[in-house]
């Protein structure tokens, strides 16, 4: 079982003590697990990560998971890192970083130099969300082709129009088809099907 | 080392070569079109609609077009349109029925969620898998007529399930009948003419023993689901 | 043979004479040659067809399944269905390929492998071409196939084909040497390069029941083993099928071949296998000689056929079992293991030859020395080759 | 074959990339292996730069099976994502189900009945057997054995698939686990059948090992090929048998003790060299360790409900929040990260793909080796493209 | 003289085999369908399982999975074709020599299946290459694939080598090269091959 790890509050306090003036906040998690996460500002992200990895009490040497999240509401992109320690067999610590906005201020420092396991996952976040990781050794699209222009995992992404044959179209599909074929979704499609 | 490992491996294959002539464990092939593996009861491929009566499949669909399966279907391959009118179901109760019930089996992922969420035991999983076809568009879109199969077929492919379902339905119907009877008795006792029993919840249709009111009810002619007629393409 | 030859044994001769009787003398040589060629092509063509089927069936049986059994009765017609399909497939020549070489490679390959059939004695009276140096001719013809494989790999203008061509050259040249060295002992003992003489030299029985086949001597066994390993490599069979290594190089030098040209490669591979198997039978397994005297009533070509089929079955069996080597391991195996062993085997056979005059009582000693001369280098070199490899023991985490 | 994309190919930190020679020098050959290649295990692609047959650069290219799993997960309900998880790592649908169910159960605080926990362990270990068997077969196939080991592996796999099919109704896409338990109860009959398969498995492993484990060619091909150091493995987030082959004792079954794993007595095998042979043997040893777990679980499984009676099938609307559930899948840590915003659909649905992250070190393992080695190194990483690309 | 199928059956019953070139040709083709060793996704595992001992596609002469498209007759599109993969699949199809056949195995290959709403998923491989047999299922059982193969064999056997029903490869005008889509900024270009993909008009407008 997991040996006890310091609580995120303690870690935040130690980080603040180590990097005075860094933007580090605690993000609460209302789910039953209720483990809060640490949100670190872009300016100190790399240093904080190195600290978390090398600190003797933490030794978070294993970055398991890198997730991108799009928040159109507050208007930023978020990258979430799940950190564990293989040496001390504890974890996770959830580390978050946020971009300035979703349009032009989308860069964050890359953590690939700290944890090699971020290499492909950060590329994936770059590919699907458009977060630019500075200092990433090989930042190319991972999953989509190089010529692709959009960031498909963003919430406002519009799919290309290829819904020609939708015999069971409804709900989400219909909404997509309506976006693409306004004629079909018009309130009174001229040649209405035989529905009575 | 020195080739002993190679020889050991050769012995294994030799054993299998010899074994294939006498040991069924070492000749495991089922020669498919002639021999068939016995499909387990739980095996599922595509959904079908249960009808109570093989004689009148369209009139006795259990489905009441509640559209839960349509909403829950992960790949959204079910398309239902409710009827505008009501029709007597197998138990004689007036129900909405699916005027259109299509399943696109070129999309269906055989996940069985429609079966799990159906409160009426109206949709079940079929076991037919020999449906290779050269017909892309119409061959893979099953309509209500193609989907409906009698309860006896359900018994045939999933005997345990079917018995359980039948038992449950019978119990529900019995309970509903008793409730209805009690309500009717109470109503009669009150002799209040204006309060007819409200439409019972869908879960409690009248007893199955009631004679199918095929004649009593002004039945709508069973709508034979027509093949989807073409309409001009709305898209570019 | 003291008694008259059985009728079946002489059947080919009778057939030839019957044909010859119908013809004027000047045409006989031509007709005989054509007859030889036609029979060789027919027999080995059919053998090829059924060998593919047998391979698929045996492979299937080894893998717990029946294999092809729908085309024709129990699948006998499967090769013909494949043949019809191959013949009628579109023949694609990539636009960037060298069309002449692309065409020439399969033709040359089949031609070279067919040429080797000429000198193998299939029976007492069955030999297309009785050459004094038939064995040399055989290996010369076989060695030419490297050229064809390289042509195939180079002409397709495909990177995988090119890699395969390089591999094929490295492999085939490496294994020519042990192949050639492994039959030198036979030549030393029988004193002839003529295949028929070599077979004749293996006639008779030790102690009345042990056949005098070369394989039943220490040096012969070692030579036979080296020869078989090298011929597996020469015919690109698993575990030496690197040029067409499916899991690495798609189909290797055959990647760009379609239709009947591809079938020709297939054919050449099986012809090569048959030819090398036939030569192995000739050199080491007593050729067409019967194993026991009382079985002499069975015609000699049947014995040859049976031995050949047994070897081919062995090829298939090995293919069904073993994984493939890597190219550097393959060449290392040839140069550091097979070639030295083959050279040591020359010493062994020299000793065997010299000690032939020892009196009967020393026979066990003679055998012991010869076996030691074979086994000790085998063990020593095998250990060196596999240094650092071996089964391992594993530890388990405490928690 | 498509040419490789632009050369922003700086060596990754910690990797042993040799400086690539001047590309205009013209003596390097670039081979694009995949997406259609017999031994890339699907539609994986490696762009290998060769010097002779030696690899001097190898860049994996992903996305040929990127079917938008995460996007679909955000547009469907929690329940509807369950059958999609089957299709992630399509050899191990049961463990994917479990990891996803675990994440959702943590998100909504859903307990799981005892019997269901046992069934989950049984199914997870059967999945491990199945996956490792297939892996061993495929790996030996990549080594060039013409089908036989793979055939034997699939012969045994069919036995496990029969179990899965009779329990869940589908051979591969089981869609069996639910939030708060499992879908149907395995009867005594099924448990007896599972016991039979478990007891027969040791015999199969013996035969399989006799076929090729001691084979000299196999040893020559795999020993010393693609060694992975423990340090690199940890830094690169390698998990599962690959990590343990490198000698790091990190098994989430032990570390997290999720489900009821702490009740089981099993050992975690560790490799020493981290090479391909170790990775292969680790899988064989893990299979041998799975058998006692199965035996114990099948003997101890209690009676009781298979689903938590309070669990809801439909209409799940978790409160806003997030959770991460991970288990020790056969390929490594398979995790699901869910962010809920209170609607019936997850706001963010993320899969932590072990295969993808295990591929991080592919180039490091392959440099300086030949194409033939790259193929078996890739085989020993054990990837399934459905999970790599999602 | 025309011989009706009934007469032919009658003759066959009397031991007289009457074979035309056409029949021989079709027999050869249908009993030697070599698939391309080409797996895409989940269905590929079932395809592999079909070639394994339990189901043994070898019985039909089809176990020769050729890794090179040049030697294959049958493209089994076994799984989801993503947009990133589609050009490669079309290219593979173009590289195969005629006569060649295509089986769309599983929901994804037919229509995109459960993943059809994904942004990177091609909604059916028949948008770019002609498909002979569709096998629905997710994934289809190995038996279903065998059934599809038998369907394909029947289809081949029924082809006449001349006349208007002659298979594609015997018509001389057809180039048999299908245009390979290119990667665009948002989608494949073109998103379909209009000569091949002609869906019937939608049966109904989407639900409001």
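Letters A, B, C, D and E mark the chains in the order given here, with residues in each chain numbered from 1 onward.
As a convention for this text, a contact is a pair of C-beta atoms (placed from the backbone, for glycine too) under 8 Å apart; a residue touches a chain by one contact, two chains touch by 3 or more.
Quick caveat: nothing in here was measured; it's all calculated off a predicted structure.
J.: In contact with chain B and with chain D at once: which chains are those? Just list them.
T.: The common neighbours are A, C, E.
J.: Could you name all chains that are in contact with chain A and with chain B at the same time?
T.: Touching chain A and chain B alike, sorted by label: D, E.
J.: Decide which interface, B-C or A-D, involves more C-beta pairs in contact, and give its chain pair.
T.: A-D is joined by more C-beta pairs in contact.
J.: On a CA-centroid basis, which chain has its centre farthest from chain D's?
T.: C
J.: Please list the single chain whose C-alpha centre lies closest to the global protein C-alpha centre.
T.: D
J.: Between chain C and chain D, what's the gap in Å when you average each chain's C-alpha atoms?
T.: Taking the average C-alpha coordinate of chain C and of chain D, the gap between them is 43 Å.
J.: If you average the CA atoms of chain B and of chain E, how many Å lie between those two points?
T.: Centre-to-centre distance between chain B and chain E: 30 Å.
J.: Averaging over Cα atoms per chain, report the distance between chain A and chain C in Å.
T.: Distance between chain centres, rounded to whole Å: 62 Å.
J.: Two or more other chains in contact with one residue: find those residues in chain A.
T.: Residues 143-146, 152, 161, 163-165, 167, 169-173, 184, 189, 192-195 of chain A touch two or more partner chains.
J.: Send over the residues of chain B in touch with two or more other chains.
T.: Those would be 1-3, 6, 9, 12-13, 16, 27-29, 31, 74, 76, 104, 107, 109-110, 137, 228-229, 231-235.
J.: Please set out, as single numbers or ranges, the residues of chain C touching at least two other chains.
T.: Within chain C, the residues that touch at least two other chains are 62-66, 246, 250, 320-322, 386, 389-390.
J.: Pull out all the chain pairs that touch, please.
T.: According to the stated criterion, the contacting chain pairs are A-B, A-D, A-E, B-C, B-D, B-E, C-D, C-E, D-E.
J.: Once bound in the complex, which stretches of chain A touch chain B?
T.: Contacts found on chain A: 161, 163-165, 167-173, 180-181, 183-184, 189-196.
J.: Per the contact definition, I'd like the list of chain C residues that touch chain E in the complex.
T.: So the residues of chain C touching chain E come out as 56, 60, 63-71, 75, 77-78, 80-86, 88-92, 246, 250-251, 254-259, 262.
J.: Could you please specify the touching residues of chain E with respect to chain A in the complex?
T.: Contact set of chain E toward chain A: 83-84, 111, 117, 119-120, 123, 183-187, 191-192, 197, 199-200, 202-208.
J.: Provide the residue numbers of chain D that touch chain B in the complex, in ascending order.
T.: Residues 76-77, 79-84, 86-87, 148, 152, 155, 158, 162, 165-170, 173, 175, 183-184, 207, 210-219, 313-314 of chain D touch chain B in their complex.
J.: In their shared complex, at which residues does chain A touch chain E?
T.: Chain A reaches chain E through residues 143-150, 152, 157, 159-167, 169-174, 176-178, 184-185, 187, 189, 192-195.
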